[in-house]
Amino acid sequence: MYGPDITFLGVPPCDLAELPDADVVILGAPFDGGTSHRPGTRFGPGAIRQACYLAHDGSRPSLAMRVDPLRDLRVHDAGDVEMFSGDAAGSVRKLEEAVHTIAATGAIPVILGGDHTIAWPDATGVARHVGHGRVSMVHFDAHADTGDTEFGSLVGHGQPMRRLIESGAVRGDRFLQLGLRGYWPGPETLDWMAGQRMRSYEMTEIVARGLDECLTEAFTIATDECDGVFLSVDVDVVDPGMAPGTGTPEPGGLTSRQLLDAVRRCCYELPIVGVDVVEVSPPYDHAEITAYLANRVVLEALSAIARRRRGDPWDPRQPLLQGR
Amino acid sequence: MYGPDITFLGVPPCDLAELPDADVVILGAPFDGGTSHRPGTRFGPGAIRQACYLAHDGSRPSLAMRVDPLRDLRVHDAGDVEMFSGDAAGSVRKLEEAVHTIAATGAIPVILGGDHTIAWPDATGVARHVGHGRVSMVHFDAHADTGDTEFGSLVGHGQPMRRLIESGAVRGDRFLQLGLRGYWPGPETLDWMAGQRMRSYEMTEIVARGLDECLTEAFTIATDECDGVFLSVDVDVVDPGMAPGTGTPEPGGLTSRQLLDAVRRCCYELPIVGVDVVEVSPPYDHAEITAYLANRVVLEALSAIARRRRGDPWDPRQPLLQGR
Amino acid sequence: MYGPDITFLGVPPCDLAELPDADVVILGAPFDGGTSHRPGTRFGPGAIRQACYLAHDGSRPSLAMRVDPLRDLRVHDAGDVEMFSGDAAGSVRKLEEAVHTIAATGAIPVILGGDHTIAWPDATGVARHVGHGRVSMVHFDAHADTGDTEFGSLVGHGQPMRRLIESGAVRGDRFLQLGLRGYWPGPETLDWMAGQRMRSYEMTEIVARGLDECLTEAFTIATDECDGVFLSVDVDVVDPGMAPGTGTPEPGGLTSRQLLDAVRRCCYELPIVGVDVVEVSPPYDHAEITAYLANRVVLEALSAIARRRRGDPWDPRQPLLQGR
Amino acid sequence: MYGPDITFLGVPPCDLAELPDADVVILGAPFDGGTSHRPGTRFGPGAIRQACYLAHDGSRPSLAMRVDPLRDLRVHDAGDVEMFSGDAAGSVRKLEEAVHTIAATGAIPVILGGDHTIAWPDATGVARHVGHGRVSMVHFDAHADTGDTEFGSLVGHGQPMRRLIESGAVRGDRFLQLGLRGYWPGPETLDWMAGQRMRSYEMTEIVARGLDECLTEAFTIATDECDGVFLSVDVDVVDPGMAPGTGTPEPGGLTSRQLLDAVRRCCYELPIVGVDVVEVSPPYDHAEITAYLANRVVLEALSAIARRRRGDPWDPRQPLLQGR
Amino acid sequence: MYGPDITFLGVPPCDLAELPDADVVILGAPFDGGTSHRPGTRFGPGAIRQACYLAHDGSRPSLAMRVDPLRDLRVHDAGDVEMFSGDAAGSVRKLEEAVHTIAATGAIPVILGGDHTIAWPDATGVARHVGHGRVSMVHFDAHADTGDTEFGSLVGHGQPMRRLIESGAVRGDRFLQLGLRGYWPGPETLDWMAGQRMRSYEMTEIVARGLDECLTEAFTIATDECDGVFLSVDVDVVDPGMAPGTGTPEPGGLTSRQLLDAVRRCCYELPIVGVDVVEVSPPYDHAEITAYLANRVVLEALSAIARRRRGDPWDPRQPLLQGR
Amino acid sequence: MYGPDITFLGVPPCDLAELPDADVVILGAPFDGGTSHRPGTRFGPGAIRQACYLAHDGSRPSLAMRVDPLRDLRVHDAGDVEMFSGDAAGSVRKLEEAVHTIAATGAIPVILGGDHTIAWPDATGVARHVGHGRVSMVHFDAHADTGDTEFGSLVGHGQPMRRLIESGAVRGDRFLQLGLRGYWPGPETLDWMAGQRMRSYEMTEIVARGLDECLTEAFTIATDECDGVFLSVDVDVVDPGMAPGTGTPEPGGLTSRQLLDAVRRCCYELPIVGVDVVEVSPPYDHAEITAYLANRVVLEALSAIARRRRGDPWDPRQPLLQGR
């Protein structure tokens, strides 16, 4: 929508109107009309698609997972949904349709944000296909995004998770949040969240118990009575020092390494049915490091999905060159 | 709306609900939901209010005009209108009401944008008080902003001037544009503009004839059958080298000096009834130079208004210290 | 002093001349005349006060500590002390008076720097109230700041800790330093420090033993024969990657997360009587990340103080929504 | 070559191996191995192609020239020549072949640099088609680029003009340079230039006489005994304040406006047979302003070529909307 | 003082304690303790000395003036005076001594700032040699710098010109200021200036009359009853778009080209006895463009001095290669 | 080569033609002609030499190691090798000669890059002295750098390790790589690496097993049948958040702290015969943090070498002031 027409690292383009037989369809959501502070995420899809120093050749062999996710999976890029940032309500409707169209073909939609407003249409679009209440959510974020309204609007980047639970698209007690911290939301909203039986891992708990233990516990909840898991990654879950290019930075987050490893575990251990990567704001980035990180989050997710599909066991302790 | 609650260079605050007896009321319009490219102008009002190295003491004695606009005029700051960037239509309605409220007291509203979407409610709010079709427009900009729709919306930063003329708030043949250049809009829109008998000075004409000659000609048109003039200054009329902090930069513009002198002439020679200064986007600025420029555009306008009201003649060739 | 008159996240302002009955009084020390390298910390107080994406409404409910420090404590902001950076000696005198004035009311002064020169007047102002030698110091920093003179001056950001010990305001054997590293000071100064029986944890020891073990040991020393603890946080204790906006960056520091958790422990486990947060230099910052970090250091300190005062036990492993 | 595969503002791509029937073929030369100071121009072609806030739709109606150069001319983009910056000698050979291939079809090659090293193969490639010594050169630059060797190499961005004259591709007495200034080259090289009867307009002469008078004089020389003119635009001819994104900035240059108007005159008044736009270095740019300027230099050149081909007279004083 | 020990573009170093027989001695004044807003000029001397893309070989042949100022004059660099920014009063004393030491040898001191505080010791140091009241001042600046006190101090970057006139070092009626603009100082100070019979050219007068006419008039005053002229160049006289790296930017200034040409005229037409170039603040610069400009101001001054000494007439209209 | 002539933190200069009796000789390799993406490392040597806030006095007492590497060792700086980035093949030949010249004197060459192309001549130059196949390599990097050709060239920053093994300068089975990650190289190259019996620790293994365990294992291999170890540190082994100033950033790397500690262990526990620190690209850096990190990598290496030579045991758990 902004800038030239490109695809994610050179994977083949596709058209929403006649989708190919794909494993994964990438979709851009260049929308920042829902942000409560710094905008700029409208340039996120373009930045994430091209943040790489390697040739844009539709191939990325993962050293760690020993797969080439862009080749082992059939990955296409459907381009951007036209989303006018001045019309949040209309934009989310358009996006939900596009995501549902993709999910309905059986492909996994991977949506590149855009601000976090889009998680509402993203997960709803998937749930319309998989079944309302049958999709668990694993949500990496510094913020709970469970606000009721902001600036008088139900639609915005602080409210998508509430909308998803209220509508029944995702069950509150299958909602796993990781990385929360800071000073928002207040008690009223936290009470509402508790009432929904959400499970939110604040950074203090993660530090005290270890991220891996928290993930393992969360995965048990996520896979209970569910047909698929939606993974929503807000790049601000990472510390602002390693992901400055975002709108509402909250110090004290995960390292990039922790996020990449956690995304890998999610996609290797869980039945992923949809992914979004949001809140990359290029105007606040430096030397593209946040866009690079988001690009790698996508690749890590796809690599783990590909490896999971291959079926053979994977050992993180195996030396890189062993077994070649 | 974003950040701490401050006023323009420390002038006294005021409340829209009970406006004081003022000559000028400053109003922030922190909205960037209408921009077609780089956002960030939501931070414009805050940036413009504080872009100064002098104390925020509500006093600024102009060397050139020999007035202190913040003291010689009664200037108050009504703060920001709450404008959700994700709801362009609702936001412009709120802003129009606020501007009209100010204009109705007889004060000159000076609106700090925000993207240029706001010119529609700004000038409409004034015209509702002064009279539809009785307000001329002097419009500095790289772009004509006379588009019909964009992203399917009537509201946006490329369309405000069309809305103003269509509604009759401002007459097309009392619409003076200065500084246009580049590759937009296309023939269809230009034909519509010609049909409205607008007068648009492209940079080529300005360079060939001289800015002063063009201004003099424009002022004659602007003051014909009119009760007041609205001045709308898009900072992108200045060359991007001198005003990089903006969303849609078009090389080849005026110098900062030219803009300041032109604004001075407008406000000294014309019966100004409203002003807006728009399209300052702090995330793209460097060392605040664009915000400083916009701050000085406001001060230059107020200084000239104050000097005009004082009534004695002013000679730009007079040495600074002469007559002291 | 620089820029508009604002308070820390919107807490009520107060006047040093007639201080209210407060638990905490925030004070700005916009001084960078003592820095030996990059200046810019004069803009630290303004930046720290407003580095937040939430409304400046004087409320910040801490997710982790389950308190709202700005509401549970009576927090006021006394604005900036006027400190001319070209007069270091005069400036520290003024600041010491201001800090003492606050401490004398029983409130905890929280001083926003400014370069680290201010730790001398900050801790002295507190010690004058609590008692010379009765205040321990917990000092997070990459540098020992125990130099004798620099550029021929006793006053400067590399010397405050020496001045404090020499004057007896703080006992050398109740001086706990954490995070030191790099190549300064030299043997002579280290010998002086050893002679004072200071306890300095270099990063190598912290990595080898773990930060938590070091903190526990330090707390034992700090609370031995002392009536209160002053906490001095130099933001350069954090790695430059996560806190680039500072004057004398030394690679290999703590993570932001480590600093926030350590500050929390200090203020929850120790009887804090004063705090300063220093060396935030906005001109070298990117996307405000260092200012955000310093803002959160203040909030983390206040949250832990509030929780300590509430008295009930706190468990870092408790899930966020448990017990609601 | 670097980043995704895009064309200049969305014009149709083409393949050097089977060139279409085109008026203009754009070619990228992503090479910075010849620069003597700041590199980065390898990212110039990609940056220039996309530096625009309008849709990449292959259409750009010029307000000033009343043509749509991307539609009125048949413009194609042949992509980048693969040029390894570590092999300057090999890279210029490849580029010369590519340019000659384009020129041989009768199309005007428009080469996007890259550092100024490329002017040698650019103009040579054209001269091989038009005739050695039959192509005049109009060269906008802060620097004469007539050095003999640098770092022991004949190939580099300070030497292309010498190579062109030495080889006879361009006659020294048909070499027009505009905008030179500063402190390079020294007397020996200037003597060589004088010996070749080059005509170089230093900024002092341009300021004293006026750019328009200098251009008119230069055009007379350029069109004497020549079959075509090559236009080489080094963006550093513009003042660094308006074109910071370049490798060897020299203060005191033209304004952006002056360059755009001068390029327009060249392409409207002269029989252009080739164009290059060089020395845009994105890593040193701010808010893309230098890339935008270079993009507009290309569009201005194409617009004037299109208008020249249309044949009807053009008056810069004509109001924008007159005659519609 | 900050960073490595380097000389201006590689000219030979010298020692203040035993000065060589020189025409020009360069001196760094790395002081920013007197600035009222953005600091950073302490890094000015280092930045100005090295801001060049050519080899640091102590040679710079001027294209325009046809001299090599670094070779035709005997230019040495005495390094930096140690100036602690936290001690403004002490620092100016040290600097005055150093400048006087240079002037006393008959060499022209060229001082690289540092903030404008240094103009007081700079011109005083020269006047102590040439004679109090026998040195005229030509002062390019956006600001008059004639304040009485600031932050309670007589020493600061807003007051040097007042101190010079009060002490009699420079006569008020031989004080020529060019480029003033904006909103400082107020009437009281302006009255004082008028009382001293200063001649200050505000930008409005410069635009209305032309810079060259103003300079010619100023030169007549400057050379009346005077034995030498001190040239003080505050880089903020240039528009912030072209010189962003400064502390108190005021929009609407000269272009870089205008400043370079004006400095050339000063040094070619007047008997210069001292020069300072001040207010370059690298932390606020972009791509070094302000440092480059200041470097060129120094070179332009030296080139014109060298040409003046050579004695033969100089014609700005002469083509670059003519007469070779 | 670029900028002024300075030495590493003020150590004495030396001349390659007559090398002094030194322990360590520093050499700059200002070359970026081999990079496949972002250039700029030509400015690496200059940036690394001066990235420090302390005086450039040739002394740096290490807090952790209790040595002053610049004084306890005889360290000289031989300046830069002239390397034209447009001639990769010629440049590596020159560099190899220079490194060999240093190694032949028995001094340890420490080469400051430049891009990683230089590892080929660096380690070859050392191996020519120590013996082909007698030098092990410890290589910190995000990338294996074992490509065959790129852009048709054998010389480049993605291929040096292959050249070293092919030539026999370094044995493949004594090649230890740490920190690899991401999506390059592909299976063919990995197979070649496995065939050479290289040992490469991908980040996944490092996270799973711990960096210290991996290092210990690697050291055992490195010291088997070897006479010395070459340490090659690509700064991109660190996470881009902490080292943004580099050409090919790969998220998910080590922290700065981990790298510094690992370099310390290498140089304290292994018989180092050469070091290079590469891929620092100042144009992409922020606030010099990457240059600071590289400067500290050099100092950490030298400190550990000095401590190793002193011979007494070193305990990382020892308190800083203990034993003084």
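Read from first to last, the chains carry the letters A, B, C, D, E and F; within each, the first residue is number 1.
Rule of thumb we're sticking to: a residue touches a chain if its C-beta (ideal position, glycine included) is under 8 Å from a C-beta of that chain, and two chains touch if they have at least 3 such contacts.
Since we're looking at a predicted model, the values are computed, not measured.
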item: Shared chain contacts [chain C and chain D, defined touch]; value: A, B, E, F
item: Centroid-based (C-alpha) most distant chain relative to chain A; value: E
item: Greatest separation from chain D - chain, by CA centre; value: C
item: Copy pair chain D, chain E: interface residue numbering same or different (half cut); value: different
item: Chain B and chain D: spacing of chain centres that average the CA atoms, whole Å; value: 37
item: Intercentroid distance (Cα basis), chain F paired with chain B, Å; value: 56
item: Where chain C and chain E are represented by their mean Cα positions, the distance between them in whole Å; value: 41
item: Junction residues of chain E - those touching two or more other chains; value: 37-38, 239, 241-242, 244, 255, 284, 286
item: Arrangement of touching chains [line / ring / star / complete / other]; value: other
item: Set of all touching chain pairs, with the criterion as stated earlier; value: A-B, A-C, A-D, A-F, B-C, B-D, B-E, C-E, C-F, D-E, D-F, E-F
item: Chain D residues touching chain F - in the complex, by the definition given at the top; value: 2, 32-35, 37-40, 42-43, 82, 84-89, 117, 150-153, 155-156, 283-284
item: Of all residues in chain C, those that touch chain F in their complex; value: 36-38, 180-187, 190-191, 193-194, 198-205, 207-209, 239-242, 244-245, 247-253, 255, 284-286
item: Contact set on chain E toward chain F in their complex; value: 3-7, 10, 49-50, 56
item: Chain E to chain D touching residues, read off their complex; value: 53-54, 59-64, 68, 238-239, 241-244, 255-257, 260-261, 286-289, 292-293, 296, 299, 316-321, 324
